Each structure stands twice: as C-alpha cells, then as structure tokens.
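Going by the order they are written in, the chains are A, B, C and D; count residues from 1 in each one.
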Amino acid sequence: MQRFLNNPDDIVDETVRGFVKAHHNLVRLDPNNPRVVVSASAPSQGRVGIVTGGGSGHEPAFIGYTGRNMVDAVAVGEIFSSPTAKSFLDAIKAANGGAGVAVLYGNYAGDNMNVKMAAKMAAKEGIEVLTVVANDDVSSAPTAEREKRRGVAGEILMWKIGGAKAATGAALSEVQAAAQKAIDACRSVGVGLAPCTLPAVGHPNFEIGPGKMEIGIGHHGEPGVEVSDLKPADQIADDMLEIVLADHDLSAGAEVAVLVSGLGATPVNELYVLYDRIETRLAKRDIKVHRALVGNYFTSLEMMGATLTIMALDDELRTLLDTEVACPGFGG
Amino acid sequence: MASFLATEGGTLVKEVSAVIVENRSYLSEIDGRIGDGDHGANMAKGFGRAADRIPDDAPLADALAILSDVLMSEIGGSMGPLYGMMFSDMADTVRGQERVDAPGFGAMLRAGLEGVRGVGSAEVGDKTLMDTLVPAVEAYEGALGAGSDFAAALEAMKTAAEKGRDSTIDLVARIGRASRLGERSRGVLDAGATSCCLILVALADGAVRRLG
Amino acid sequence: MQRFLNNPDDIVDETVRGFVKAHHNLVRLDPNNPRVVVSASAPSQGRVGIVTGGGSGHEPAFIGYTGRNMVDAVAVGEIFSSPTAKSFLDAIKAANGGAGVAVLYGNYAGDNMNVKMAAKMAAKEGIEVLTVVANDDVSSAPTAEREKRRGVAGEILMWKIGGAKAATGAALSEVQAAAQKAIDACRSVGVGLAPCTLPAVGHPNFEIGPGKMEIGIGHHGEPGVEVSDLKPADQIADDMLEIVLADHDLSAGAEVAVLVSGLGATPVNELYVLYDRIETRLAKRDIKVHRALVGNYFTSLEMMGATLTIMALDDELRTLLDTEVACPGFGG
Amino acid sequence: MASFLATEGGTLVKEVSAVIVENRSYLSEIDGRIGDGDHGANMAKGFGRAADRIPDDAPLADALAILSDVLMSEIGGSMGPLYGMMFSDMADTVRGQERVDAPGFGAMLRAGLEGVRGVGSAEVGDKTLMDTLVPAVEAYEGALGAGSDFAAALEAMKTAAEKGRDSTIDLVARIGRASRLGERSRGVLDAGATSCCLILVALADGAVRRLG
C-alpha cells in the first residue's frame, strides 16, 4: 500500500484537523466534537441550517462542501462508515439558527439509522429537523424501487440547491422541498476501473481484473450491474449517458447540469475526455448543458473510475444552482 | 442453579472484544466481497477501545454499557446503532443483578435481539446479523424451555448461531449495502452475521467457563 | 492500463476540447490553434498579457489556470512534452493587449527552446516579450546551481502573482519582476510513492518498489535525490519540510503560503494528513501560514505522491496572492 | 562519382520514419529510465505523420522540410526544436540539387549538426544526441577527406554513430531532463542519442541502396 499514513486508526482525525487548518477562513471545528466541521458562517440566525454527513475517504466530500450558502455543518464518519448519531446531532445543533435544520444525506443503512436517531434527539432538544435522502445512483436498484438506490455524487447538487434555498430565507419545509426536487432531478452512474484500498485493511477491498471494468459501481466499491471488457473512453461515456438518460425524463430542449467526478486516481485529463464526448452526445439530443463540473468532486480513496451525474434543471433549480457559494470543494 | 458473578462481566466482555480484534482482517475481507470492507476495522476499533476502558471487575451491565457507548458515540457506521442498541438493551436487563443465571441470560439475549430489530427492522432471510441472532436467541430459549441447563442452552445457542451465520451464504441480501447486488450477493457469508456469531460464541464460552 | 482512453494519440486534443466546453464561461479555444487555451477576459487592452504552457498530463495545470487575473493564454503540449514554438507564439499573440506579454514557464529543455523561438518570432511581429523561468524544485540541483532546477508546483503561485500584478495595470518589466520575485520566494519538493503510465506507452515509465518512496521526484517521474523505505506520513511531511526550509531563508515571524499538491492518485484526505503535520511544524518555528492550498493542483497523470511548496511572503506578494481570481483550477 | 537522385528523397525519408515508428516502444522505454518516457511516442507521432504527408517522389529537400515542419509545429517537446532545426537546415543545403553526391551529403550532415548545436548548445559528453551526431558527422567528413568513396564514408558514419550512442551509457547527463540525476543517470543509454543513431543509420542504409 503506497500511501501517506500514520496509524490508520488516526487518519480521519488527522484529515479533519488538516482540513480545518487549511481552510480556516471558511470552516471551523465544532468545539464539542472533533468529528463535526462547521461553516464559518454558521449558524445564521433565522435561516434554515443545512447538515450532511457520511463516511470519510470521499474527500472533498463531505467536509469540502461546508461553507457559505452550502452546507452549514458536516458530521464526519470513519473511512466508508456513517458518522455517529451523536455527531449528526452535534452537526444539527451547530447548524441550527432557530429556523430548523435540513439534513440532506445519502441512502446508506448506517446513515439512515444514525440520522434517524439524531433527529429524534434533536427534536427532544426542540430543534425541528427534516431530512432528504439522496438516491441518485441509477444502477443500485430498478426504477420501481428508487427508494432503495444509493446516494452518490448527485448529493453535491442537492447540497448546492438546499444551501442556496436556505440562503433565500425560505422556511424549512421549502428548503426540504427544493433539496428533494434537486435530488429527484439527478441521475448518476459510476464506472470503476481499479479498486481502492482502505488504510486499515491494507489490500484492495474488491477486484477489477486488468482489461475489465465495473459498470454501476458504488462509491465504496459496491459491485455494479455488470463487469465488462474495458472499452474506449467514448464508448464508456456513451454507455454511462445511456444508463442515466434511460432513467431520466428529458426531452429535446431540456437544460441540465452535468457533473463528471473522478473516483480518486483517474487522471483529470481523462475526465475531460469523457466530458467532451458527453456534451457532444447531449447536444445531439438537443439537451443544453447550463453548468458543467468536471474534477475530483466525490472520490473513493484512490479508486480508478468516474461517475456521471445529470441533473435536469427548471427555472428554480437553475437560479439556485447559480447562487454564489464559497466552500473548499468548489475551490474555496 | 448455575450462574456466574455479574462482576465477571468485565473480563467476559473483554474476551468477546479480543475475539473481534483477532478477527479484524477476516471480517473486513468478508465485508469487502459484497460490501465496502470496513466491518473488521470498525468493529476492532470499537471493541478494542471499549476493552481498554472496561475495568476488569466491572459488572456485566457496566461493561456492556461501555461497549455500547463506544460503538454508538465513537464508531458510528451501521454497527454503532445496531450493536450499540443491542448491548445497551442487554445492559439494561442485567443491571443491578449480582449473578446472571440462565433465565437472566435469556432475558438479556432477547432484549438485545429486540434492540437490533427496533433500529434495523431486518428479519431472518435478509442476509444480515439477524440471521445469526434470531435463531440463536430462539434456540437458547427453546432449550431452556425444554429443560436444558444453562450450559446446554448456551451450547444450543452456539450451534444455532453458527448455523444461522452459514445460512447467509445462500441468501440474497435484501437489506443494507449488499442488497443492491441482487444475485451477486449470493454465495458469500454476511459480515454482520459472522461478527454476531463470533460475539455470541465468545459470550457463551466465557459464560460457561464462569459457571459456578 | 486501467484508463479512460480512445486513441492515445488523440488524448490531448480531446482533453482540451472537453476542458473548453466544460469551462466556456472562463476560457475559449484560440480559433487559429487548437493547442492554445485563452481566457475569456483576454486580451485586455493596455494590460500586460500572461502566458504559460507546458506538457499535458498535469491537469488542472496548465490549462486550468487560465482565467481572470490569472493566465491569459496557455500553450498546450503533448503528454509530458513542451508545446511547439508555434503554440507559444499563438498564445503570446492571443494574450497581447498591446502592453507586452510575460511568459512564465517551467525550466525544461523543450520549453526553454520553444519559448525562446516563440519570443523571437513575437519580437518580429512587434510584441514585446519578457520571460520568467520557474526553478522551484529544490531537489533537482544544489543551491549553487539554482538556475538548473526544474519548475514544479510553485509555478502556480508564480502565475497567481504575475496575473495579479498585471491586473494592477503594471508595466511589463514590473510584472516580470513580480513573477520573478514570486518564484524566487518558492521552494518545492516532491515525493513519489508509485509511478504513472503514459497512455501511449502503456506501462509505468519508472519504478518505485512496494514499500519504497522516491524523495525529490520530478513531475514526470524524473528520479529524485534518494530512494528510501516508505515512512509514516508525519515523518515524510517532516522530511519534505526540512528539504524546502533548508534551502529557504525564513526566520521566526515569517509569513508563507503553503501548497500541498497531490500527484494524481493519492487520496485527497492524505494530503490533509500531510498538511496537518506541516502546519503544526511551521507553527513550532513561529512561521505563519497566510494561505494554504491543498488538493490536486499540479498532477502527473496517476502518479501517487505529493509535492510541497513553501512561498515566503512580503507585503506585495501577500496582497497579490489575495487578489481575487476566477479560473477552473481554483474551482472556477 | 556515386550519387543518388534527389527525388528518391521521399522514399528515403519515409524509410527513416518507418524505423522510428518501429522503435517507438524501445525509445520510450529508454527515455523512461532517466527521463519522462515520452520520446518514442512523440518521435513516432511526428515521423509517422510526416511520412503520411510526404509524396513518394518528393525531392529530398522537400521531404526533410515536411518532416521538420511537423516536428516543429505539431510535436514540440525538445525534439521539435532540435530535430526540427536539424532537418530544416539539412533541407536548405540540398534544395535545388538534382542529385546528392558525397560532398553534398556531407554538407547536409554538417548543416544539420550546426542546426542542433545552435538551438540546444549541447556538446559531446553532455549525454545527448550530440554524442551520436558529432562523431558521426566527423567520421563521415574524415573518411571522405582520407579518400573514401560515398558508401565507405557512410559506413564510417554508421560505425561512429553507433559508437557515439553507446558512449552515452557511461556518461553522466549534463543537459536536459536527466541532468538533475547526477550519478544516477550513468549506466543507461541516452534516448536522443539512440534515436539519432537510428536516423543516421537509416539515412546511410537508404542512401547506399540508392547509389548509382
């Protein structure tokens, strides 16, 4: 394992510490909980607070999206593991400006349980909490069982919309509705080319044979729908687009946001190769890209591969997407 | 009637912890096949940390409560809530008791099972730790009801736990991370069912050794 | 080779095309040369133009630093190869707003020759060109032969300062002086943990044995000063810091900018682990970090490893560093 | 006196290109050891592209100029300026000639050498392509001066080129990418010296075959 590591058990604490130091202009650590990162601008009195959280190893997600008009507080879990209910609760408290808190998170067993417990505890402390569960990963369940799908990179767009809506001074239920609309407008798919290695494990946690690729892979290496021969980049881009569009209801003239995220080890230029093809194919269908994000936005340690997220835009989502933000994940 | 001293709880829970720590790589490897590979690391971290904090002479209730607390408030993941609730509900049933006898142990197991069910809502057949826990608790209760003594009931629990764990090999996951795999989840053990079996077997073995 | 590729010969063109599509709000392609990326805000009449260029495979460098108050035009080379003199010339022309052009580039044989040729051609066309050659990589030559050293991630800070100085309306010689001062204030070192594979080659272009690391590695895998056993992250951070500080003239109370860049495949969280240690050690020496950049800023395809750059700040550099910019490499 | 038709230049330069394309992996491998591994890919891309554009009956001057142009304006790198200037200066000396004879070929080689020197300022011993080029050109000129015929002078050039190439093994790089390695650059061939030798040998072999 060729990695920068001290004791693997400490890596999350060290990461969060380094992160907060590097971005002290935008974020700070919750004084009561070293696993909660809080926006320098939170809490905003009278504004709905935005909270998320999840396992580590996806940097810049989740902590990188803490900031102005984005996420107010993030609960940080072990590598690939949900944060504790306590951390979610502390994040909720840190984000609470008196107008309630929207917890916008991904659909994983641990997160579901911990958020549920935290929301209950928060209610006891008089904080109103509503949740939205991201389930944008098309390959993780058929359309009929959308509620079973994993949340992946579409979460970033959900946070963006939720944060922007909260910034308008909207009520908690409105913020929840906007975030729900955002994630409902997102469809994602992942393709894995090589596995990742958890520091505490020391060897790859799954396999992708040389010359093979895994279509529909999850952010933790959860196997996808199909293992196939590694195809040329254009063909992979076409396949990914086909998978998300088949599940999407986009007609000619539609406007979208496109997010192509590397999974950690894929060279950045190859993400642009994928994007070049994707935008060309969308243009052929008369679908216009209003905003493109290409880079390592939501990673899985040093996995090779990429995810594609397409978000359908209407006027409200477009406006909220364009709201200015400041967070480390978008370049600070 | 056979029973063990509640103050043996500290060492008993530490024995359980040691087993989990020893099986750290094995559990991560199983989880890696159809999950994300973190089960062993997280379990070992939580159980190891708890063991460091449990005094040797801690009553069983306190030892279980410390373990629960570490899992819930420091480890998180799925195991924080699931095992966290299991151990905290188990702790509640034995709190204040000087000795743990066969019915007491049974009540503790049952409470643990209901604790997990309350948080996770999984049932037998979903390919989770419930596939180990449910038959194990039922076997214990059944044996006791049929007149077995404490040691024999524990033996029955162990056998059922192992059978339950192995039953997950043929199951398709219906809950948790692996549930998105459909048929591809068949053919491998479930990580939680495996760690649950390790826990129950270690608990049973430790209890038997302490009977007096 | 587990990579997103079509024909390896096309990868640079596809990358640039995808890049320009994704960031059309900030950049455009030179209509006369598909290997020249131009800022949407260039040329600025009466302002000094900033040009750079270099081989591909370092994304977001070089193209990602095209933008407002940063680089005006970038010449794009093949993977790990200098752009042509013609591309440098076209970039100079595209950046020229009548006040001359500063070409701020890295010290590599090809770039030196191609920039020299381009500058001659530009002079013939009546464009005044001055150059600054980055040589921040401490390990590539002893202090006495600083002019031989490679340019690495410090180039980003040189562009930042040069772009900000040009934005003040300064004259060409002043912009050159500021950029020169910036790179003179920078010291960098790279550590490699695993090699990269050029798409056209198909296998790693050098070796780092398992459990080993290469200290002082270059951005193209050029071997460094020493191969050693892989150490704990804190120890590596200390060693890197020692190497750059030994060559730096920083006293207690100094203020610096710190750039920790991943080389492509190192998980982002590990960069924060390094940063955590680096800032702690700097604080011990009473050196204050004014600004930290941690992420994949200057990569080498999917190399594992990281570079550390420390830039000493004075009032001018601090002010210029803080000038607001908009370019894809800083998050658009 | 032996000479060859300038209009054989098209096929001659294409033969040189074919040799470079064939040696693509080999050249990248050598460059990878102490450089960045791109030499073969870039050389093959440039020479291959040029070959596609050179008409079979192109005069030698035109063929060399096309090759130079592709290297300079499409490939870049270090080879764009270095080989670009070499071939363009070579082209200039043979332009307008109907046949290329031994002194003409010698003038062409000398011009190429001076072209490279003008751009790169490297000298023998720096571990660059000059370690091949300089002795090769000198051997050719020496042989001719000592009364050798065209074919024998070309043979002398080949031998010197190969010896020059091999001399780079023991050298420590003093220029270019590898010069930062110091002692670690010793023990391996230089990539440019190797490609330069391939070019000169192919040129010589092609010229000899065309003599008449």
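Here are a few things to note about the model shown:
We adopt the following convention: contacts are C-beta pairs under 8 Å (C-beta built on N, C-alpha and C of every residue); 3 or more make two chains touch, one makes a residue touch a chain.
All figures in this text were calculated on a predicted structure; none of them were measured in a lab.
Least step count on the touch graph, subunit B to subunit D: 3.
Compared with subunit C, the chain whose C-alpha mean position is the greatest distance off is B.
Note on chain placement: the centre of subunit A and the centre of subunit D lie 54 Å apart, centres being C-alpha means. Separating the centre of subunit A from that of subunit C, both taken as means of CA atoms, is a distance of 29 Å.
Mean C-alpha position of subunit A lies 33 Å from that of subunit B. Listed for subunit D are no residues, as none touches two or more other chains.
Taken as a graph of touching chains, this assembly forms an open line, each chain in contact only with its neighbours along the path. Per the contact rule defined earlier, chains pair up in contact as A-B, A-C, C-D.
Across the complex, subunit A is touched by residues 2-6, 11-12, 14-19, 21-23, 56-57, 59-60, 193-194, 196, 208, 210, 213, 230, 232-234, 236, 264-277, 279, 289, 292-296, 299, 301-302, 304, 306, 329-332 of subunit C.
Residue ranges on subunit D touching subunit C, taken from their complex, read 25, 28-29, 31-38, 40-42, 45, 72-82, 119-120, 175-181, 184. On subunit A, the positions that touch subunit B within their shared complex are 8-9, 55, 77-87, 108-110, 113-114, 117, 139-141, 148-150, 198, 200-201, 205-206, 218, 220-223.
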